[in-house]
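All remarks here apply to the structure that follows.
Chain lettering (A, B, C and D) follows the sequence in which the chains are written, and residue indices restart at 1 in each chain.
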Amino acid sequence: QQKADAKSGPRYHIGRAPTTDEIRGWDIDVRPDGQGLPEGKGTAMQGEKLFMDNCSSCHGEFGEGNGRWPVLAGGKGSLTSDNPVKTVGSYWPYASTVFDYVRHAMPYGNTGSLSVDEYYALVAYVLYLNDVVTDQNFELNKKTLATIKMPNEQGFVMDDRATTEKSFWQKDPCMNNCVAPVKIIGRAAAIDVTPEDGKEKKSRGVE
Amino acid sequence: AATMLARPAAAGGNPANQPPNVPEWTKSLGEGVAVRPYGKPSKFEKDVVRRDVEWLTASRESSVSFTPLHELEGIITPNGLCFERHHGGIAEVDPADHRLMIHGLVERPLILTLEELKRYPRVNRIHFMECAANSGMEWRGAQLNGCQFTHGMIHCVQYTGVSLRTLLEEAGVKTSGKWLLVEGADAAAMDRSLPIEKALDDCIIAYKMNGEALYPEQGYPMRLVVPGWQGNLWVKWLRRIKVGDQPWHTREETSKYTDLMPSGKARRFTWSMDAKSVITSPSPQAPIKHGKGFTIVSGLAWSGNGKVKRVDVSLDGGRNWWPARLDGPVLDKALTRFYYEFDWNGEPLLLQSRVQDETGYVQPSKAELRKIRGVNSIYHNNGIQTWHVQANGEVENVEVA
Amino acid sequence: AATMLARPAAAGGNPANQPPNVPEWTKSLGEGVAVRPYGKPSKFEKDVVRRDVEWLTASRESSVSFTPLHELEGIITPNGLCFERHHGGIAEVDPADHRLMIHGLVERPLILTLEELKRYPRVNRIHFMECAANSGMEWRGAQLNGCQFTHGMIHCVQYTGVSLRTLLEEAGVKTSGKWLLVEGADAAAMDRSLPIEKALDDCIIAYKMNGEALYPEQGYPMRLVVPGWQGNLWVKWLRRIKVGDQPWHTREETSKYTDLMPSGKARRFTWSMDAKSVITSPSPQAPIKHGKGFTIVSGLAWSGNGKVKRVDVSLDGGRNWWPARLDGPVLDKALTRFYYEFDWNGEPLLLQSRVQDETGYVQPSKAELRKIRGVNSIYHNNGIQTWHVQANGEVENVEVA
Amino acid sequence: QQKADAKSGPRYHIGRAPTTDEIRGWDIDVRPDGQGLPEGKGTAMQGEKLFMDNCSSCHGEFGEGNGRWPVLAGGKGSLTSDNPVKTVGSYWPYASTVFDYVRHAMPYGNTGSLSVDEYYALVAYVLYLNDVVTDQNFELNKKTLATIKMPNEQGFVMDDRATTEKSFWQKDPCMNNCVAPVKIIGRAAAIDVTPEDGKEKKSRGVE
């Protein structure tokens, strides 16, 4: 597959160059190395009240999650358990993602309604709830956020299906007597959560 | 002048509309042309709809509705029935105000209106789009009784749009440009990192599906099409493409769409959708009503890695297999329809289908998958599905061993 | 926290929704999943509809509405936009009461419910369907300003159904059986004669289009598909197939669908649709709005006799031709999308397209057709269409010589 | 292409045989040789009043057609003219078609509402309007209808495009200087009947 050449290739001259203002207005994504973080600052102390006012109705006062709304804190050590609880603290590899996502997408239904300083404070508070930030007065800003190491940063590997699941590639699939005779060992009906019922049922192991 | 006559007792329905009688709809005129400027299904098909599973999510705006696969045939999904997956509800974008911005490590940053996008050379391709979480509720065992719910996070339409490569060449990607951030204009501002190799391969910025404008819930006025890769990357309401030298590790590729293994480590960037198949009929929502005799097994197979090579069907839970017949076009990274026709003796069946794609990959059993991945990886459950057909024709979702 | 900033004057629309500002649909949640159990187009696409030409007919129940070809891309027509042609309005058939009867010169007369039809082996095929009267208003000269009206009596969908041959073999056609009468359940009880050779070749009794049940206006719950042949034969709401030894010479194959030649004699049984093409954009309803520069000519080509082999485009009314690019699947008796891309210098154009099919047939000019057929044959006008593109980008339907 | 064999081929045994009553109820089509014509009778004399009551509102008292509703009579000798008028008398090859069609499809909006005798009478009247039947008291029935010869029966030939239009099949289509330079000789805009206008306009030569 051919590499795209920046200099050659067809040029249609359709569209225009965006202004730097236009780009700046939309270019708010943030990377693990801190690229994209805006000027501003906030502390967990400041974030606490903001969280209570804007977030706790869904995520709970301690990020424990109300009802089916997402859990934001806890779950440490649960990743190898029967019921992994994947939170900012237990799972997320980079602190930058919290800033990027919360600023984009939270508060749910009212995104972008807070100031940059407020987002810094909220992210500090979420990290504080997760024991990633332990000093309530630690100032989160574009410098400090990029230095934060998350507990599970090393918890990820690149997609390795091509090697770990190599046995799934075969020449000719088996056609006869491929397994010993089988029996039914589980039934959806036993769990009884299929929507037709019109009843609200709890499921197992669903995200 | 015609008088109503009796009819054999066997059939159902209203005898007055059946032979030898002339039905009511033959006796008087129906609605004229253009009374329905945009058509819709018959009122007798009102149950053929997308459905959601309310207990799955806290809010319908960040949730999923499922394609009624058990009611569909062939390989094209009609636009009105394509499953939905939103993270901030349906953005109702005014195309006059929508802009697509391309910036970052490019020579010539670009901002385009929809009308400008339409001026770039067009491509047309039929592709399936599957959410990586499709069948995710089934990791621990059979849970939902219906292929709409177990496998309905997939659809397949014809897209028309502009090759992403064309636009990247227009903007001129710098040598250092290795990754794209692709971002939507919805309330989630959905953003994902896409490696440059795929971006320059077969991705499309689509503005039409099945010939007409994208439906709002599918990203009107423009969406990214990433053939064979997980649906979450197919950013809807696409508003921005930023070229960078590293991935962004956004929330949707860290907190979500990473596959937790039994070791506690998680796979990241598991983009491609492995070969998978499912029998759509008979299935729990489409039981056998005709009793024993000639029976059609109809199903879908697909692979994110190319074309479907073959499909086999088992009646005994995977012990013995019979080749299925592929019918209709077999296209790259598209749904493929298969049939297996046989004489049902009325005894219970454990129905399964198994696809092999052109790379040789054979769809694994659930046991084979779980052996490697455990039951907590949520995504990429492409294990072989078992339907238990009972003697009375009812069908249930079961696990076998 | 975001403040609204100014934006370059050039663009249209509402600046508050454009960069650097964040649009309103990004600031609040949209409708959730399954709020629209069956999706529909964006409200901004409300003009993309079937339209009729009121002065054409005395009553809408026996009339035609046209596919908005100028708004569509690719080769699949969405079900809601497939043109309508009814002779007694839309029959609203209750599938529980519908019956398909096969009788006449057969060993085993048969009556089937929809559920029974669905038990026969299924086939899936993508085919165009064109009314023989498509472009019929243009015989005497350019009349209607828009390809929706000049060429919109065509659509192309994926059908699923049963091969007619399968059912005829089940019923056992007698040696003397040479013709079929096929009849609909609508208020016109539409009936036509079909020769046995075609019936045993590639006809389908379809019950799905583009995956879902036929729409009522397309013959729900079942219609005949006669690939490559005139739409009038594709009987909708199909209720009866009678096998005989002679044609019936019904009203639709005598009074109508016969082609009157200048000699006063009329051709009968002109079933197959010759190769034809049309540029869908630019066209009168889809003018060039961008001024000179890189310009896309998009069009459709098809042939009732097989596959499209090539399409050429002329900018000067047929004096010189340039090969067009075929894009997307090129299928037997299906619409084929073509593109011709060029740098428009802003001077007026006389745009034409010309298809050649795999049999070697080359779409004739209108003059060539009229030389043989005169101007009173109504049907089968497959002459080359000319669009006059004016310097301001407006497009009109013209005749040239 | 293979001939279907009545005796062989797969047998699915799906569906049932219709009863003779069921077949009879639907099997009302009629062929030129009279096959399918029901028992019954009627005359043009009887048909006249029926036509005035059931048909003339659309087709006119003499079959001349009101407004845009179809013309049923006249047009003799017009087939080679600039404006051919194709009616039962001037164009239709077989009288059986009138019976088949009218019984199926007329009166428009109220099909099948008349008796077999009434349809015979109406067909006799339509043929009478077209000078095909000249005796008002001629009894149309299953015997006599099949004997009627229509004026234009010989006016039809089988589709002959493969031979008369053989020149349309070519090896390589012309690409350069195919015709002399062309000029616009007609414009849809001049006729101005395209629907956008919202005005009701008359067309030329459209059916």
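One rule holds for everything that comes next: a residue touches a chain if its C-beta (ideal position, glycine included) is under 8 Å from a C-beta of that chain, and two chains touch if they have at least 3 such contacts.
From a predicted model like this one, the values you see are computed outputs, not experimental measurements.
With centres taken as mean Cα positions, chain D sits 69 Å from chain A. Measuring from the averaged C-alpha position of chain B to that of chain D gives a distance of 47 Å. In this assembly, the C-alpha centroid of chain B lies 27 Å from the C-alpha centroid of chain C. In chain C, the residues touching two or more other chains are 19, 26-29, 51-52, 59, 61, 88, 101, 111, 113, 116, 119, 187, 189, 290, 294.
Counting only residues that touch two or more partner chains, chain D has 12, 14, 16, 18, 22-23, 26, 108-109, 111.
Arrangement of the chains shown, judged by which pairs touch: an irregular graph that fits none of the line, ring, star or complete shapes. Across the whole structure, chains are in contact as follows: A-B, A-C, B-C, B-D, C-D.
On chain B, the positions that touch chain C within their shared complex are 11-14, 17-19, 23, 25-45, 48-52, 59-61, 63-65, 71-82, 84-86, 88-99, 101, 111, 113, 115-116, 118-119, 121-126, 157-160, 185-187, 189, 208, 210-218, 220-221, 237, 289-290, 294-296, 298, 327-329, 331, 337, 339, 341. Interface of chain D with chain C (complex): residues 1-12, 14-18, 22-23, 26-27, 29-33, 35, 58, 67-70, 79-80, 84, 86, 88, 91-94, 96-97, 100-101, 104-105, 108-109, 111, 155-161, 164-165, 167-171, 173-189, 191, 193-196, 200-207. Within the complex, the chain C residues that touch chain D are 51-59, 61-62, 87-88, 101, 103, 106-113, 116, 119-120, 133, 136-137, 139-146, 149, 165-166, 168-170, 172-175, 181, 183, 187-189, 191, 196-197, 200-201, 239-240, 242, 244, 246, 248-251, 254-255, 258, 260, 262-271, 274, 284, 310, 312, 316-322, 350, 354, 356, 359-365, 368, 372, 375-376, 378, 388, 396-401.
Put simply, chain A touches chain C in their complex at residues 12-14, 16, 18-19, 21-26, 108-116, 118. Here chain C touches chain A in the complex through residues 1-2, 5-8, 10, 19-22, 26-29, 290, 293-294, going by the rule given at the top.
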